[in-house]
Amino acid sequence: MAYFDLPEAELRTYRPERHEPADFDAFWAQTLNEAREHARATQFELVQVPLTTVEVFDVTFSGAAGMPVRGWLVLPRARREPLPCVVEFLGYGGGRGLAHEWLLYASAGYAHFIMDTRGQGSAWRSGDTADAGSGGEPHLPGFMTLGIRDPHSYYYRRLYTDAARAVEMIRSHPAVDAARVAVTGGSQGGGLALAAAGLIPDVVACLPDVPFLCHFERAVRITDSLPYGEIAQFMRVQRHAITDVMSTLSYFDGLHFAARAQAQALFSVGLMDDVCPPSTVYAAFNHYAGTKQIEEYPFNRHEGGQAHHDLKKLTFLNEVL
Amino acid sequence: MAYFDLPEAELRTYRPERHEPADFDAFWAQTLNEAREHARATQFELVQVPLTTVEVFDVTFSGAAGMPVRGWLVLPRARREPLPCVVEFLGYGGGRGLAHEWLLYASAGYAHFIMDTRGQGSAWRSGDTADAGSGGEPHLPGFMTLGIRDPHSYYYRRLYTDAARAVEMIRSHPAVDAARVAVTGGSQGGGLALAAAGLIPDVVACLPDVPFLCHFERAVRITDSLPYGEIAQFMRVQRHAITDVMSTLSYFDGLHFAARAQAQALFSVGLMDDVCPPSTVYAAFNHYAGTKQIEEYPFNRHEGGQAHHDLKKLTFLNEVL
Amino acid sequence: MAYFDLPEAELRTYRPERHEPADFDAFWAQTLNEAREHARATQFELVQVPLTTVEVFDVTFSGAAGMPVRGWLVLPRARREPLPCVVEFLGYGGGRGLAHEWLLYASAGYAHFIMDTRGQGSAWRSGDTADAGSGGEPHLPGFMTLGIRDPHSYYYRRLYTDAARAVEMIRSHPAVDAARVAVTGGSQGGGLALAAAGLIPDVVACLPDVPFLCHFERAVRITDSLPYGEIAQFMRVQRHAITDVMSTLSYFDGLHFAARAQAQALFSVGLMDDVCPPSTVYAAFNHYAGTKQIEEYPFNRHEGGQAHHDLKKLTFLNEVL
Amino acid sequence: MAYFDLPEAELRTYRPERHEPADFDAFWAQTLNEAREHARATQFELVQVPLTTVEVFDVTFSGAAGMPVRGWLVLPRARREPLPCVVEFLGYGGGRGLAHEWLLYASAGYAHFIMDTRGQGSAWRSGDTADAGSGGEPHLPGFMTLGIRDPHSYYYRRLYTDAARAVEMIRSHPAVDAARVAVTGGSQGGGLALAAAGLIPDVVACLPDVPFLCHFERAVRITDSLPYGEIAQFMRVQRHAITDVMSTLSYFDGLHFAARAQAQALFSVGLMDDVCPPSTVYAAFNHYAGTKQIEEYPFNRHEGGQAHHDLKKLTFLNEVL
Amino acid sequence: MAYFDLPEAELRTYRPERHEPADFDAFWAQTLNEAREHARATQFELVQVPLTTVEVFDVTFSGAAGMPVRGWLVLPRARREPLPCVVEFLGYGGGRGLAHEWLLYASAGYAHFIMDTRGQGSAWRSGDTADAGSGGEPHLPGFMTLGIRDPHSYYYRRLYTDAARAVEMIRSHPAVDAARVAVTGGSQGGGLALAAAGLIPDVVACLPDVPFLCHFERAVRITDSLPYGEIAQFMRVQRHAITDVMSTLSYFDGLHFAARAQAQALFSVGLMDDVCPPSTVYAAFNHYAGTKQIEEYPFNRHEGGQAHHDLKKLTFLNEVL
Amino acid sequence: MAYFDLPEAELRTYRPERHEPADFDAFWAQTLNEAREHARATQFELVQVPLTTVEVFDVTFSGAAGMPVRGWLVLPRARREPLPCVVEFLGYGGGRGLAHEWLLYASAGYAHFIMDTRGQGSAWRSGDTADAGSGGEPHLPGFMTLGIRDPHSYYYRRLYTDAARAVEMIRSHPAVDAARVAVTGGSQGGGLALAAAGLIPDVVACLPDVPFLCHFERAVRITDSLPYGEIAQFMRVQRHAITDVMSTLSYFDGLHFAARAQAQALFSVGLMDDVCPPSTVYAAFNHYAGTKQIEEYPFNRHEGGQAHHDLKKLTFLNEVL
């Protein structure tokens, strides 16, 4: 999609006013405490894979409200522990897939934890984690409007909590150096990386790629593309719910997490991205509180920098971890 | 969509072999018993609507596993009770909407009960019923694959049960003549009407329009259109789950309910329907056990006969109720 | 379609200069006089419908140049006459359909007249009125360019006249209180409601929903969507006709009727409407001469407020009729 | 569009049963007589064009019921009269355009008459002929369903008559050798060429390219593409009119004209043509009564053979005219 | 496509800064000299065509680096030489086709040379000229990125040179008046006409229609449509090549040729053209150095003025040649 | 895309007649000899990548006619040589990309050679190899019709030769066990794997996924999807070239290579694949001369088995290499 958002020059300084609920921090403190109180011991089960350079563990840890969440921990077979660790979150609709799909970071010498996404994982890569906490409120097919009438029941309350818990959990693994943890992910995974960096103060690096879940107020108006489009479609039918929906979303806006994050950040953005429009990415970037840089891909859409950017990320991680 | 299914002549006699699980009846008997055991008193609350010819009640009754399900009961204001009753189920993605949207059957002198669809009701008409029973297993956005790995957890186990319970419930209302109840609906609503007619032996009339949820084995192969397409898309990603999915669906195939139904039936079918292909509708029709007739719309797609067919339905109801 | 028109804040005050032909009033006075001169007695024929709460009459009245136009008159069976009356005009491509499709206003206690649309009525709901007055000039398939080279031969000259005549006609029916007539309709029907309110000075209420036929100068440039798109497509081929076309349209622009209307108005607009872009609706609203209010549907397209807005309309009618 | 119709081998022998009305010949004899009775003198007006090799006349002749129809007569400036003449009919939606668009046949030494298409001529090439005979019956936007409820009011009754009259008219022009007239055209123009060849017994050559208006019974079922799709769409809404529509079309089916035609024929067909599917073209070809040949374009759609085929047509004309 | 570019008023004065390489003139002087040095005698072979008013020659001349390029020379059969000559270049993807496709200009009394486009000529009209000079560098399917990493290897270096050489070559033909040569073409052909007018100082007239290859910096950002979209798509994958690509394109930008051209010009532009957006056409027009005028088609897309504009061009040519 | 090809049961035994040119073997023997004669020493250059478990070499070897072709050789850093080797060919439009994109096979203990695709590599993954041998004949944008008028000039003559040469070349590397080489690839890569297995007799394993370039006669007729669709589109314009094109393709049809191949094979096929329709894959499979098995993905399109199938391939390789 050709340039459709703000002019390039405006993008780079776009820093819209944030509308943060007064009890934002309280809401999340209470949510995380509830999760921690229900946490049980993490299970790490060695997986039989036909691979010789890495080892993979099937992980089950306690996420939101203590509910079990799955993930893969991939470690280089030849290692001197403890290792710096990359925690990765996933894009909308996909799950953790199969163990042998995750070779990059471990092949570069890092511990790599891939968190499965509850309920998702059937649209393009399979997943294994149930989203047991849903009350089943009427919603549009998809996850964007699941429980959206109230921040406490919203799907992303559970998923953001899983993400923060994943970081806390992996730090306690003996192979991981708790002081050298980075969070990353693309699209929804980028939004979760921002949330984790905003909720867990001492994460060292945050690498959100074409992040989703940022600046909802604008996003739901300027793009029809999914998944933001699900929210507009819901409000198209549930016309009386618009105020509630926008109020709920204010607890989950990446802008507020960005404004709290201290990790060194490397963002990426596609200037032709209609899924996560560049102005919404720059809104998060320009509010980001920590040291930061951003890589612009002027002719890319939501695919962003792909392998080209992976190389930049490996270089960045070598420097900061 | 131009003719893409079997030739017209073959359609009319298409009666594929049914593959019914051995414990089909036991499964549903146990499911309905569980629902009945948890049933609580139905609530009927008079709604303030700016209408003078009808009265509307907001109904909350006990559906699957006793969970609350909503609906509207619309009665002609001028009435001599008890009235024959039309129970209506809804198409995929829609909910019961607002009370004043349902005027046809009451304006024709019937009691009319419209059952809300759990969890749905945000894609094109709003709904008010939660689907509390979901375990949240990974699924494709949409309802077609929610819990589909096991018949006990499948979304439609709950929804079919709601439909059967709706019939049982409305019969006990003083304004309704329990001996004169018809079930109807279009698309998903038609599939639910077939299920209700198969599960509740003494329903008098069954009027499924362009019914969905019939002959899954063929449907998931010959059309990409949603909602059948959701199932194919799920199996596209969850490749190892194909056997489980097809096994689960065998408990929910409209063909098996049709083979048990005794109500007088009026079906309708669109010969250019790519959402519910005509061969899948005729498969149900040709297996239907009761007295039956079918109205063909040779140039219609999934919209079927619309107001034109409503008139035929009113005539049919006048005769059989 | 995501926001594509003027920014929200500008929309609300958008009041473009009007370019009205000098003989606008003379043109319409002459046109209406011609219609009245050729008028014959209206026929009301009771229709056999399987409905108990309402009565329906098949109406044939004299429209433009006295040509016969059809409609339905729906009355509550239990009534104390004379009743306030709602005159409804229809969207592009549809006709009056079948009698039992029109239950809302009579169920709320109003006389309800639905005017058929000449020549239309085959694209999505059937119609029964011929458009005998066409000279058959070359035109793009569709009605938007039928006779568009001259205001006297333009299709909408006949249709607007039918609309004004419908109001005059229905007022003389014994069941109707001539002092309490409202006009309404969606899209093309909204444009006709505006025309009727501009042509018939003492209509009491005007409720145009997502009105079409407003602010042609802008509409034909900012949207490709049909039916405005038909006009652009015509001028794409008939390049030498652009001046004539724009001149003709100036006799039919809803802005000029709005500037004359005195009825109390309730507009509705979808901010994502690409068929009748919000700026064209606001242009009419901001020029509307009578008391007025507008309901905005921020995430809706051309469907506007649907049943949700019907409820607001019933409330508004209860107050003003 | 890839192969979607009958297998290649079956196509070549496809000769479906024809269902011809008993009064087919009477209907057309009466229609043509009526036209001849109302005929007035043809006008030929020399047009100022910046061309040196040809002369162009703007022609107005009497078509159906004597109504005026326009056309261009293009003659090589250097000529020895009388010339053989090619009469050309046009595709759906287009008109005769501008005089300098028609250079091929006159540059090859023929008189060339291009008949304008009444009412059309705004979708892709402009036209100048009104369709004054329409009663304005409700129809789908487009010309396919204009007056389709009765063969006497059907649009194509007028247009086919124009085509036959064009041949009769041009023969009387002094520059034309009445014994050497060919008819041709693509798509709708091909259907009109077949009709003219069926109605005027002594036309010498008929060159229908990818002809439309053939074998309606099958065409309306196997393709959604316009313009056949207009008919299906009409019957989708006007469900009660299906029998009338199919009865009307039986008076206009190219198969019946083909079965009467005696001119030497050169057909062309695109095997991937979804607008005029190859089986419908072969149905006409295989029923064609005169000497005939067909050029197959195996990988072409509705564009058929284009300039490549024009060369074959010039060669064919050189031989037979 | 509705208006999507700059507002109409801004379009007409849009004259962006040009970014011309310092060695632009040297680059082209060297390129043309190389071509001239390798030039061999042009071959003119009379073609057998079934046409009586014109003669056609199959031309092979020496283009870029002396490589053979094909073309048609069409001459009125009745002529008094030398004739003024129209040199025509072709749109993207098409070739010179067949000889009888080119009748307009010769029928108006001009010599007409149609240059084939190397390597193209298979997407919509056939061609006969190979592009032997390609090094085969990795490129996106299409011609826009063939050799784009360096201006010396870029496909359009060869094609622009062919265009300039075509003008030089045709001037030496005895039937042509070298002092009265015009260049024209649509889209890519319009871009080539601008290039030829910029490279050959004494061309008398330049008639670029909806010209392509102008103002690349903006074009690749504001439209996804092909062929500009090929360049953006290439840079989407070859992310490291963006600087090289933009540098190469600066040697081929129509703006720089326009700024050098002295021929009298008649441009045309479609205000709804998404293939060659109007701002890119006006950018060239407003930089054009010679006497100039432009015809705006307010409702046209990339088809521009078609036959309507051909008439304006014939009039213009009559005046200036 | 829902099932559109032969019925499932017929697919599995579909073995169409092969139409092999008499000089097929001679053509390829001569082609390979020419390549071998021009071969120069292969270069292996160690690449700096931020990876710890593997080493990567940038390879330049002599392909068709000795022209340089690039590739990556990825080796596990911890290894005991010589290793079994997997040679991988790539899908249409993509190139070898960046070194760190290829981790799977080396992480499983294999030497892994990824051959770049000449000229391609800009549509979705970048490439670095020029296709210097093109004569630049007119072709449709894309590679499918480049030089297609003659088998000697056809693009795939060069690319198939590169593939065969890649196998020969990698066998001579000291880290590779020449007796244990497998060939694989998806889509175009699958077609190249078949070609390599047919041309190099002692390859041990062949794993073509959803192979392209098989059974052209049928493929170009039953699908419009690219890249097969390019060939049909070319013949749509170059109508006179159809015989030549089909003759050329007969030298490149995967069916003939399959009929010669002796390697143990594991195929995969998507039953809903419209890019490489299942009948064309089964045609190759059923003609395959060696020991063979096939994995069916009943609900997948051209994506086939993805990571799910990679696991099956690793298991298969463990057994046969």
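For reference, chains read A, B, C, D, E and F in written order, and residue numbers begin at 1 within each chain.
Assume contacts are C-beta pairs under 8 Å (C-beta built on N, C-alpha and C of every residue); 3 or more make two chains touch, one makes a residue touch a chain.
Values in this document were obtained by computation on a predicted structure and should not be read as measured data.
The chains in contact with subunit A as well as with subunit B are C, F.
Counting steps between touching chains, the shortest path from subunit B to subunit D takes 1. Common neighbours of subunit A and subunit F, by the contact definition above: B, E.
Which listed pair repeats A-B comes down to matching contact pairs by residue number; over half match for E-F among A-F, E-F or B-D.
Under half of the residue numbers at the subunit B-subunit F interface are used by both copies of the sequence. Centres computed as Cα averages put subunit C at a distance of 39 Å from subunit D. Distance between subunit A and subunit C, defined via averaged C-alpha coordinates, is recorded as 50 Å. Averaged Cα coordinates give subunit D a centre that lies 37 Å from the centre of subunit E. If you average the Cα atoms of subunit A and of subunit D, the two centres end up 63 Å apart.
For subunit B, residues touching at least two other chains, in rising order: 125, 233, 308. Pairs of chains in mutual contact: A-B, A-C, A-E, A-F, B-C, B-D, B-F, C-D, C-E, D-E, D-F, E-F.
Subunit F meets subunit B in the complex at residues 1-3, 272, 297-301, 303, 305, 308.
Against subunit A, in their complex, subunit F makes its touches with residues 50-54, 76-78, 97-98, 100-101, 103-104, 106-109, 125, 307-308, 310-311, 314-315, 318.
Of all residues in subunit C, those touching subunit E in their complex are 220-224, 232-233, 235-236, 239-240, 242. Remark: subunit F residues 93, 95, 118-143, 145, 233-234, 237-238 touch subunit E in the complex.
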